[in-house]
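In the two complexes that follow, chain A is the common piece, with chain B as its partner first and chain C second.
For the complex of A and B:
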């Protein structure tokens, strides 16, 4: 199975940007972050002691509709919680995240937005790291589907997601907190716990019996948290290449 | 809390504040003081609105409140009130641009599922028709002057739009409405058989004659589900969904048939002919929010402990999960949990579960919340059955 593909700081004019492509679901997201910036004419809506996080989701072929409003609300509440909005220079200002869906199937009216949610979350996180927005923790997210026969499928394609009995999106922080859970379809709580366990192992890598995360070559690249880390490391390495050469 | 003074004995203006003023000035400390009273005072931990943590507000429902709709309901949960009206309109298949393509692909699927003998093919077909043709159109309006933050007559706010989407998406995933109830069929007369001469009108709806021409779908009912939140005091989704549920249970569709001579759909105006929708299950939604004792925990980067550590020393960061939060409590918490459950033969099935906005609620709490939601289901069923 192919892992996701991501690269940082592709756009010149934005403070930070990232592109993220998930080959399994086919979605490709381009994210841009501007922070901290003055939000014009929003004085009344701003909290005096914190930064305001704004998220905009642009679908590939149409204008944004009610589904986008919904997913923007979820992203805002997840990202707003991990942004350190009280750092110097951030209160009363805005962190504006724009996510454009540049590839993948369209999400029609009334369709579930869960299939695209992990890709949006990852693109937003990488773009915020690229913009050097202070964060209290990083996270990784995954989509799992439960088929009629009870199998748990990782990253089902849009057609497979439609056929699935239940769909689950989980986001785990780098410290194993459950940050986000969105589940729909018909399922029981025991099924949900199985799916949660599977999602945790996908996000954090295989946890061995003594509670340590095994850090072998194979497993780190397989875990999504490791993938986020590696992407950022690669970017830092190329950014500071001139320093490394001079040593 | 406030000492009552007798009017006959005027006291000099004191420096203490009445509780209502304290609630406005220090909302977080006010709620926290209610939830964690000093151990010496022997007071139970109770919310500022007088409810226990897992207690829902008083709920009432009334169906059939609007006369000009096919079905309607008013649901009131505490001070949050939602009115829902369901209006049915006819959608001719000749007006659906992609109808012939859709039908062809549906027939193919039907053949395939016949071969494999999957019993759920009917369900899948239902989902396809309702979703592809947009037969359910919910809309939620908050611009009614329901709360000071929402200007009447303003364009739909982001909250209203996302609630509309949540209702639509829950209608689709719970497959509440059966597509078969929304179809208007036509059985073409069998011109070869002799029965035709006796049949008179020859448009029986439910005849399964073999050998005759296949019956076909001539039109669909489209249900426009409009929800108005007339008063908003927190937790709009539970109230809106309960009103949609009550209105759909109340909805009656008139008997409709295809008139071959006029080439149009005719409806019977006899109420006795009208049929109620047969809904699948009764998904009931319950929302919760998590109130944290230390608001600063989120932005002090160094102090966030690992998930495991957090579990072990519970006293470090206290938090309460409040069921059915009112507007005051919603303003003080970021983490939201929403659980939609249904019961099949006494067994609890989760239809939707979502949580976001924080990291204090995990599987143990969610398991408990599912149990609380299951109890709420019994309560809501009783209320909806009575209305």
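For the complex of A and C:
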């Protein structure tokens, strides 16, 4: 199975940007972040001592509708929790995240928006890291579908997702905390527990029986948190090549 | 020197990477915070990263900080030198733009060298000043204040004041910081400080045309002026700006920077 492909700081004029492509579902997202900027008419925000996180999702072919509003709400609540909005320069300002869906199948009106949620989450996180927005932690997210026969499928394609009995999106922080759980369809608690364990192993790498994360080369690069780390490290090494060459 | 260490938000700074100088207290730079964890034997203090980047330490000044991505937005910090553009003026202040999409910074009408009620610079909309950040205020939504004099001496140290003539170019904030570090570090190894040879190379090649003057603002602006070059002044200015911007965008190595300078000067028919 091919892993996702991502790169950072592709746009010149945004403060931070990232592109993210998930080959399994076919979605490709371009994310841009501007922070901290002045939001018009937000001087008396509900929480004046914190930054306001704004998320905009732009579909490739149409204007944003109800589905985009729904997913924007989910993204805003997850990302708003990990942004440290009280750092210098951030209170009363805005962190504006724009995510454009530049590739993959259209999400039709009435289709489940969960299929694209992990790609949006990863693109938003990488773009915020690239804009140096202070964060309390990083995370990674995965989509799992449960088929009629009870199999758990990782990253089902949009057609497979339509046929699935239930769909689940999980996000785990870099410290193994469950950050987000969105589930759709009919499922029992035992199924959910199995799916959660599978999602944790995808995000964190394989966990052996004694509770330690096995650290050999194959599993760390296969885990999604490891993937986020590698993407960021690659960008730092290329940006600071002039500094690292001299060491 | 230990191997370069890249940290992500929530990563802890390992003890063995901290500078071991104990004569003055450890100072935290941007991108790091201290967290206290209560444990059985008193509280534990750990340093964790809030931004992704390269961990750098300075043993002499006993500081530790994170070098984050160069394309980030500039956040005003006290004592930084910036290039600001006048937006409009009011009775007591000039309202200046330091970064786009943020509130205007205030520059006092009288905070120039030798300014009094009668003699003070009459700056118009769009004019540029080289200023120092005097205060960033406390709390949410506070205003940033700039000054063009050193309040202790009343003099315009380091070229502060209105910038007349020339042209301003946008570079990334990381490149601006690099240019400032390169110019302030000691002249013992003048070539390839911070991997930058583009300015010294330009200086060598353009000496015959009368040289040039630049000012670097921490907010990612570089002001270039070469009024000595007479009729080719515009060409020289643009050539310098292009060299700096391309070095920044393509992240060129010192070897490629020299090639770029030669190529651009030849393209602009400045040096045969």
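Operating definition for what follows: the second predicted complex is superposed on the first by the 244 of 247 C-alpha atoms of A that agree within 3 Å, B and C clash if a C-alpha of one lies under 4 Å from a C-alpha of the other, contacts with A are read in each partner's own complex, and residues count from 1 in each chain.
Keep this in mind: a contact is a pair of C-beta atoms (placed from the backbone, for glycine too) under 8 Å apart; a residue touches a chain by one contact, two chains touch by 3 or more.
Just so it is clear, the structure is predicted and the values come from calculations on it, not from any experiment.
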item	value
Partner chain in contact with A:74 - chain B first, chain C second, else both or neither	first
Which of chain B and chain C A:106 touches, first, second, both or neither	neither
Which superposed partner A:35 touches (first chain B, second chain C, both, neither)	second
Which of chain B and chain C A:62 touches, first, second, both or neither	neither
Which superposed partner A:187 touches (first chain B, second chain C, both, neither)	first
Which of chain B and chain C A:176 touches, first, second, both or neither	first
Which of chain B and chain C A:9 touches, first, second, both or neither	second
Chain B/chain C common contact set on chain A	84, 134, 136-137, 173, 175
Contact footprint of chain A on chain C as seen in their complex	1, 4, 6, 8-11, 31, 33, 50-54, 67-73, 75-77, 101-103, 136, 139-141, 174, 192, 194-196, 249, 251, 253-254
Interfacial residue positions of chain A with respect to chain B in the complex	50, 65-67, 69-70, 72-74, 77-78, 80-81, 84-86, 109-113, 134, 136-137, 148, 173, 175-189, 192-193, 196, 211
Sites on chain A touched by chain C in the complex	8-9, 12, 14-16, 34-38, 43, 48-49, 82, 84, 87-89, 91-93, 129-138, 173-175, 228-229, 232-233, 235-247
For the chain B and chain A complex, residues of the former touching the latter	120, 131, 134, 136, 158-159, 161-162, 164-166, 168-170, 172-173, 298-299, 301, 304-308, 310, 334-336, 342, 347-359, 361-363, 366-367, 370
